[in-house]
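Chain nomenclature is as follows: A, B and C, assigned in order of appearance, with residue numbering initiated at 1 for each chain independently.
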Amino acid sequence: MTSIDDQDLFSEVDEAPSASELEAERIAEALLFASAEPLSIAYLMERLPRGVDIARIMKRLIIQYAGRGVNLIRIEDRFAFRTAADLSFVIRRDEGEAKKLSRAALEVLAIIAYHQPVTRAEIEEIRGVQTSRGTLDVLMEAGWVRFRGRRRTPGRPVTLGTTPSFLDHFGLEEIRDLPGVEELRAAGLLSGRIPPDFRVPMPGLAGDELTEEEDPITQLDIEELGLLAPGGAGEE
Amino acid sequence: MTSIDDQDLFSEVDEAPSASELEAERIAEALLFASAEPLSIAYLMERLPRGVDIARIMKRLIIQYAGRGVNLIRIEDRFAFRTAADLSFVIRRDEGEAKKLSRAALEVLAIIAYHQPVTRAEIEEIRGVQTSRGTLDVLMEAGWVRFRGRRRTPGRPVTLGTTPSFLDHFGLEEIRDLPGVEELRAAGLLSGRIPPDFRVPMPGLAGDELTEEEDPITQLDIEELGLLAPGGAGEE
Amino acid sequence: MATDTIQSTAIPMDRLWQDADQRGVTEPALVIDVGGFEGPLDLLLHLARTQKVDLARISVLSLAEQYLLFIESARRVRIELAADYLVMAAWLAYLKSKLLIPQQVRGDDGPTGEEMAATLAFRLKRLEAMREAATRLINRNRLGRDVFARGAPEHIAERHGANFDASLYDLLSAYANLRQRQAVTQVTIERRKVWSLVEARQMLTDMLGDIGDWTALQHYLLQYMPPAERVTATASAFAASLELVREGKLEMRQEGAFEPLYMRRPVASPAAEPKE
């Protein structure tokens, strides 16, 4: 501790605080941290030990946090922690709040997971409604769904499947780890009233391999599907 | 250098950090402060300046915040700021407390936590009773329990385990920190097999006699067991 | 066998009157609240607690007797007991007989009474340990009650590229709901009081896991069945036992027509435990 080295950010203000002041400081810190809104002096006073000098405690805290990544700031007669203004570039980098997947997207994703390789028509058959274009786009954008190949049937429909990052996100080692009817039922996800012939497919796919009924997708297919907008024109 | 005064809470770890380390520290602080969820090392590394020693920075931060009202805690490979546990009495909020778990759900949660990865059949073996629907899904909805994978045994039963937010919720760094887990393991109580030294002494009884350590079951016991004699219902 | 939903059956008042008349009014009427217990093991644990000794030192014999007494009382007032209470009663009656019979030379035909008793004591101890663990767990400082996260988070983190959030639970419940919705059928079958093959099989495997030598299980079992369930229990247990024989998990023997059916686990069974 030769020189007051620069990491000594939380160092001294004026004179040493008493033990009860330190405790009050800790309480104020915790309250300010946990609160959704700036806290008034009155509010803090109510909760800090009696007889401590609130102004002094707040002043000490402000100084202690001044150089750090988080600052204690004063807004009129209220106090709040805020990330340091000069670091806003780090914080705001991924501005977009995580969006909840829509119910439709969840359903489509689940169908793709369980029934893969599955075509769009099959998804619609299972859901009983048309799937809007945006739904699949969302799942693709999330990186959870991919085109697998083309089914060797008339019309050569494109087959869909999940990606490794799907497994990663949902904490599955392999697609076969998805729970079956019995487990869904035991977990309370399926109610007791299901027809006796109710089945949940057990996807037996290993990774990227195509099944015998699938052909690989070619560059041509991709353009044809409107996935690559040729010449930068937007899709649809 | 002589006395480290007591308010010097945020003082040194081992050697003086470089300026770039200090900056990285500030950024880490800001990111962690801003987030309600624990942040993974991978996430932090993506955002901190290249080449800094993350482990060292996190260690410094943990030490610096150790005595304060807000602590930096580790949950597996994630970090989060949380209010200090010893301040619970000041900021404890009873409203909004997480849904009260039923006794069965709590028991199932404990079994999953201590025995994971565990199959449903094993849970039922331990409890001696089928798990009713709604028990598991309450735990899954709370985000504490998840499907982990499948056991490599015939039938490939799905296994259950806890989530990182289970650890976060109960203030555990990792599963090894579960209260009493080592003692339970040592006593063989976390296995499906009866430990070899577990023997019940058999009184060589020829009939219904009770040993000295036993009392006969009485009418009172029966009442206590929930065999309630409704006062005077018979006489009415 | 949804034990968690056992209700104590209300006894009609006039029945109580009749009973009281028959028994003499001195004997108090009992209302048994089995619903307070999480199954037979829970009840046994509760009974064992009354012995006030280490679970490794309990008298399994007297425990078995207490349990059987409990079941007796319940049946006397015609409480409908879930099947697993009765299965446990049958098993304990069997255990009791094994404990009381003088020790035989130990063949290789399954566990001795002592071993069965030790297993039971172990299971009780393990269940109790889990109960204690649960209590300790729930009394820890908990996030959102004792310990708090940042009250005003500024961004949501931990998104690698994709800014979408969904848990496996969301995914599975969406799928289950959808499939169920699509599978709406008008099949609403009135539940008959029938032992399904699955239930009977489960019951048999549970019991046989601990029984080695020839045993007329049905007899033990039926004794504890309400008359109305005896036929279905017998039929299902028989069918299930045939299935188990076919799979090599069970051996059966019968002296002649209408003689008791004896069952046992195959002697040289590959150590395939039914469940573990």
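Everything that follows uses one rule, which is that contacts are C-beta pairs under 8 Å (C-beta built on N, C-alpha and C of every residue); 3 or more make two chains touch, one makes a residue touch a chain.
By chain, UniProt protein names: A, B = SMC-Scp complex subunit ScpB; C = Segregation and condensation protein A.
Because the structure is predicted, anything quoted here is derived from the model rather than measured.
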Touching chain B (SMC-Scp complex subunit ScpB) and chain C alike are A
Chain centre (avg CA) closest to assembly CA average -> B
Greatest Cα-centre separation from chain A (SMC-Scp complex subunit ScpB) belongs to chain C
Whole-Å distance, C-alpha centre of chain B (SMC-Scp complex subunit ScpB) to that of chain C, is 27
Expressed in whole Å, how far the mean CA point of chain A (SMC-Scp complex subunit ScpB) lies from that of chain C is 41
Rounded to the nearest Å, the gap between Cα centres of chain A (SMC-Scp complex subunit ScpB) and chain B (SMC-Scp complex subunit ScpB) is 23
By the touch definition above, chain A (SMC-Scp complex subunit ScpB) meets two or more other chains at residues 30, 33-34, 83, 91, 171-172, 178-179, 187, 189, 191
Each of the following residues of chain C touches two or more other chains, namely 148-150, 154-157, 167-168, 172-173
Chain A (SMC-Scp complex subunit ScpB) contacts chain B (SMC-Scp complex subunit ScpB) in the complex at 1-2, 5-12, 16-17, 19, 22, 25-31, 33-34, 47, 60, 64, 67-70, 81, 83-84, 87, 90-91, 93, 171-174, 176-180, 183, 185-189, 191-192
Given the complex, residues on chain B (SMC-Scp complex subunit ScpB) that touch chain C span 31, 33-37, 39-40, 43, 80-85, 88, 91-94, 96-98, 101, 103-104, 106-107, 109-111, 113-114, 121-122, 125-132, 135, 137, 140-141, 143, 146-147, 168-172, 178-180, 184, 187, 189, 192-195, 198-203, 205-208, 210-211, 213-215, 217, 221-222, 225-230, 233-236
Contacts from chain C onto chain B (SMC-Scp complex subunit ScpB) in the complex sit at residues 1-5, 13, 16, 20, 25, 28-34, 36-44, 46-47, 50-51, 53, 56-62, 65-66, 69-70, 73, 84, 99-100, 113-114, 117-119, 121-123, 125-127, 129-134, 136-138, 140-150, 153-158, 167-169, 172-173, 275-276
Chain A (SMC-Scp complex subunit ScpB) residues touching chain C in their complex are 30, 33-37, 80, 83, 91-92, 94-101, 103, 106-107, 109-111, 113-114, 126-128, 138, 141-144, 165, 169-172, 178-179, 184, 187, 189-191, 193-195, 198, 200
Per the touch rule, the chain C residues reaching chain A (SMC-Scp complex subunit ScpB) in their complex are 148-152, 154-157, 159-168, 170-176, 178-180, 182-183, 185, 187-188
